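Structures are listed in the sections that come next.
The following pair of complexes shares a single chain, chain A, combined with chain B in the former and chain C in the latter.
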Partner chain A sequence: MHFKARAGQKLADVILQDNLKKAKSKFVDRRATAILDLDDFEATRDSATALRDRVLNDLDLWLEKFEQQAAKSGASVLWARDGAEICWLVIDIAHRHGVKKAIKSKSMLSEEAGLNQALETAGIQPVETDLGEYILQISDNEPPSHIIAPVFHKSKEEVSALFARTHHLPAKDDIQALTREAREVLRPHFLSAEMGISGGNFLIAETGSVALVTNEGNGRMVTTLPKVHVVITGIEKVIPTLEDLATLMRLLPRSATGQSISNYFSLLTGAKQAAESDGPEHLYFILVDNGRADLVGGEFAEMLRCIRCGACMNHCPVYQAVGGHAYGWVYPGPMGAVLTPLFTGMQNALDLPQAATLCNQCGVVCPVKIPLPQLLLKLRAKQVEAHLRPFGERLGLRAWAWLALHPALYALATRIGVRYLLWLARDGKRNDRIRVLGVAPEWTLGRDFPAPEGKTFRELYAARKETA
Partner chain B sequence: MSSRADILGRIRAGLGRDDANAVAGRSALDAYLAAKPQGPKPKVDGDLLARFREKSEQLSSTVDAVATPQEVPQAVARYLSAQQLPAQAVCWPELASLPWQQAGIAVEARAANSSDLLGITGCYCALAETGTLVLCSSPNTPSAASLLPETHIAIVPAGRIVSGMEEAWQLIRRETGELPRAVNFISGPSRTGDIEQTIVLGAHGPYRVHIVIVNTEK
Partner chain C sequence: MMRVGLLVTCLVDMMRPRIGFAALKLLESTGCEVVVPQTQTCCGQPAFNSGDRAAARSLAVKLLGEFEACDYVVAPSGSCAGMVRGHYVELAGDDAALAQRMAALAAKTFELTDFLVNVAKLQQVPGEFQGSITYHDSCAGLRELGIKQQPRQLLAQMPGVSLNEMPGAEECCGFGGTFSVKFGEIAAVIAAKKCDNIHSAKSDAVVGGDLGCLLNIEGKLRRMGDKTTRVLHIAEVLAGKS
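Entry: the complex of A and B
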């Protein structure tokens, strides 16, 4: 199903529309306040953008450096070309360490790979521990609708019903009680799992460490309690130094949730020391390509700067109207509209680059200054070059191009066109609005088309010239 | 071809990598790692202690201050009775020698487990910019004590409050050389906003974080 069809369904979903409205302004308002306490937000953005570009322009060298340092600290570094390879590697590690249960802190790469299903098939129980991700898992492995607020689309009533059904406990009606229930249900899993799987917000080349940001504390549990810790991250997540980490950490939580800092932020290096009472005995990194390597050095390389803060979707009028599921894959909103066609193939996400008004709200808020609207325009151009647009559109544009090369005919056609539009507008109460556009009735399903003034530019120009 | 060779090969192709520019690239990389340039930082001037206190409270932590380490157990006892919490705790081995018993608190210095209700820790340093505790893991300072119990009490020597994250990294490089396995930055009680973007305190980690500042210069 395409974006257009899914978007239509989502717009008609009364509960979803209500939930979206409730959540809408919270992130936006909190971010606006939080960026004020950085004395120079713009300079911090510039600095973050420059340091992300520095790595991307020499990504092979920075990855080698990271690998070297991680190995020195005692971690194992593995590489995966795609989702299937991620699953294969994780299952292999699990088998090697006799793992029956894996607790997970949020990882978008695990979503890209469909890792939970693969683990289940291999007889390993995956347990999501981020509250939002857990809700999705018990809701029949529903996909997330937002990269930092996975259940953005659900109301507390829906969560309450789901918990009562799954936990066989009396239904709770306040959010506090629901959160406590999840804590109590998940605690035994934390204590019994042999493996922890996490994403990674940043990989630090200087030290071979992973930086992990969470609010709930589940990230810390997942990386402290089980005997094996597997970090799954994209190859683009490398940054040079701990100083650079400090710069990015001023932007990430502020842009994401409007917090000056996330509750927990851990820098993890190597496995546990002999005398330590906690920490994993084995630390693995899986560095994932899945479409990223081919973007390096190319015209979409800027997209690899992304630090997955979600600000672009929080500020996107299209996302706010249809929610994340309409985008059809792991990443929604403007960043998803760019990433999905690049990662999964342009022909598989044909209408996503069109799913934007190009208002540039996303470009304005992006902490690493990714020019999202320009990238969407580039993708549209690519579609045309690859002859991927629908037949009707292609024919129309061809006809227009032909007409534009024949000025006399063009003048005639536009004169007729304008008269036709005026005629369409004649029966409205106001005659400057067209209720149903004859040639493209779909376009006027949700809005009116403004009627032209009455004459074409050429006619007006000619008339002016005569009187002058 | 291994996945590693394939992935790195495609990155190199995209970047137009050859032997000559690899050499130049590596030395630029090493120079950058040596220089460790800092980005713009918000001004954190004046009284670091006052700023740390203010920011911690904004993050829903509670803060108390005493003059000497010996007074910490009394301050902890006051907090526990005010909150009506049981006077029973697990603490970092390095804090075992404080006079807990005199303050009427039963404290065990061992690894925390899930039935511990209160964990008492020190901290490596603290950040005034955001009101953040920085804890480094080691056999004497295990991570779980600040994570599993419902209440976390952290002892912060005033002299260990630095302005921001950059200063914390510098301190770690200077004092310990190698990074510990885990450096945990803790900013208030655990929280979630996943249901309807409504903030709830006490997700998987502690519900309460209480900070006792030891200000020997007072």
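Entry: the complex of A and C
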């Protein structure tokens, strides 16, 4: 199913539409207030953009530096080319350490890899511990619909019914009670799992550390309780120094949730040392390419700056109308409309670069100034170059462009065209709108098409010149 | 005397010639000599936004030839002015001489209200308008060209106008050019939100600087059953007698 068909369903989803309305004030207004804390938000954006570009220009060197430092602190650094290799590596580590159960905090890379399913097939039980991700897991492994609020599309009532059904407990109707129930169900899993799997918001090259930004506290337990901790993250997440981390941390929580800092912020370095009382005995980093290396130095390289805050989708009129599932893969909204065709193949996501008004509400809020509309335009150009657009569209565009290059014929065609439109608008009274427009039927599905005046400017201007 | 080329825009040419004449009147009222090249058709934006850069480039070169001799190029549209200013140089590709000419054209191309306020420094708005207005900031004008205060400054000069700002004035109306016909259902939902915001400003007219957005908004207002809120281009208000 394509974006458009899914979007149609989502427009009719009452619960989703209600949540989208509420979320707007939550994300958009809170961010607007939060960025006022900074003396100079724009200058911070500029520094963040520059530092992300600096890393990406020498990505291989910074990754090597990270690998050396991480190894010094007792961690192992592994490399995965794609999702299948992530699964293979995690399962291999699990087997080596006799892991039967893995608890997870949020990781978008594990979504890219379809890791949960692979673990189950290998006989290892994955348990999501981020509340939103847990809800999705027990809801038949539904995909997330937002990168930081994965369960965005569900109502409290749906979650209540789902919990009652899954936990065999009486249904609860307030959010606190539901959260408490989830904590009680999850606690034994935290204590019994042999492996914790997390994502990573940033990798710090100078120290070999991973930085984690979370709000629920589950991330702390996932990364410290089990004897094995596996960090899965994209190769583009590396940054040079802790100083750089400070710059980016001024922007990430503010852009994402409108918080000046997230409830929990962890900086994890190395496995447990002899004198230390907690932490994992074994720490692994799986650094993933999955399409990223191909973007380095190319015309889409700016996309690699992304720090996954979700501000672009929160501010996108299309996302606000249809939600995340319509986008069809792991990443929704403007960043998803760029990443999905780049990571999964252009031909697999033909609608996405087109499904944008190019309003640039995303570009102006992006904390690392990714020119998202420009990237969407480049993808549209690639689609045309690769002959991936429908024949009718290509023909129509070519015919129109040819006409526009021949002013005399263009003048004639538009004269006829506007008279035809005016004729379509006739209804005996106002004659000011067209209710069904055959040449652009999509327009009149939900709107009228205003009638033209009836003559072109060119005609009227020529007539005026004659009389003058 | 300053020689100003009026880029009518294809949408105004076909749908609302009166906006073109209003722009003409406004430009003439500043004492400029206004030329209207008769062979002009379209700036190429529909082709550019559809990914057909070859077609967009041909149309850009055509427009360059038509307007290059003018001191300024003015369009009653932030979107078309933004196309010339923001994308023509990149369409020139490796042709350095062409890129240079495109850059010169881009530098002298302005959206109408921006030109009136910041270049021609219009002292007296020629038109009259009695009533309340709410202003929709079109995306391209606002975020590509920084058009925000210019139309408001001009409206403030008109004694009969009261301006009521709507919530979310800077949010997209859902037009998006080809988006509005490729994803009509979504565009209509976005337009409905814009219309709700317009209604909450309780004004006689919604005014904007881009005809595409205005057609989208008018079409949604009428479909929602609103037959009274007037939908006007800023040029019509500034030049008009209504």
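FYI, the second predicted complex is superposed on the first by the 455 of 468 C-alpha atoms of A that agree within 3 Å, B and C clash if a C-alpha of one lies under 4 Å from a C-alpha of the other, contacts with A are read in each partner's own complex, and residues count from 1 in each chain.
Heads up, the rule we're going with is that a residue touches a chain if its C-beta (ideal position, glycine included) is under 8 Å from a C-beta of that chain, and two chains touch if they have at least 3 such contacts.
Given the structure is predicted, the values throughout are model-derived calculations rather than measurements.
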Three-chain arrangement built on chain A, chain B and chain C clash or fit: fit
Regarding the shared-chain residue A:357, is it in contact with chain B (first), chain C (second), both, or neither? second
Three-chain overlay: angle at chain A's Cα centre between chain B and chain C, nearest 10 degrees, stands at 120
By the touch definition at the top of the document, which applies to A:390: first (chain B), second (chain C), both, or neither? neither
Taking the superposition on A as described, I'd like to know which of chain B and chain C A:438 touches: first, second, both or neither. neither
Check whether A:410 is in contact with chain B, with chain C, with both or with neither, and answer first, second, both or neither. second
May I ask you to name which of chain B and chain C touches more residues of chain A? B
State whether A:65 touches chain B only (first), chain C only (second), both chains, or neither. first
Once the structures are superposed on A, label A:123 by its partner contacts, choosing first (chain B), second (chain C), both or neither. neither
Smallest separation in angstrom, by C-alpha atoms, between chain B and chain C in the superposition: 20
Please write out, lowest number first, the residues of chain A touched by both chain B and chain C across the two complexes. none
Given the complex, residues on chain A that touch chain C span 4, 7-8, 11, 317-318, 320-322, 354-361, 363-364, 377, 379-385, 389, 393-394, 397-398, 400-401, 403-405, 407, 410, 414, 417-418, 432-433, 440-450, 452-453, 455-458, 460-462
In the complex, the residues of chain B that touch chain A are 2-4, 6-8, 10-17, 22, 25-26, 28-29, 32-33, 36-43, 55, 59, 110-111, 114, 130, 132, 137-139, 142-144, 147, 164-166, 169, 179-198, 200, 202-206
Over in the complex, which chain A residues touch chain B? Could you list them? 19, 22-23, 26-27, 37-40, 43-44, 47-48, 51, 54, 57-65, 73, 79-81, 85, 129-132, 135, 149-152, 154-156, 159, 175-176, 178-180, 183, 186-187, 190-191, 205-207, 209, 215-218, 220-221, 223-225, 235, 240-247, 249-250, 257, 260-273, 275-279, 287, 289, 293-298, 301
Residue set of chain C touching chain A in the complex reads 8, 10, 12-18, 20-21, 36, 38-42, 44, 46-53, 55, 58-59, 62, 139, 143-144, 170-172, 174-193, 215-216, 218-220, 222-223, 231
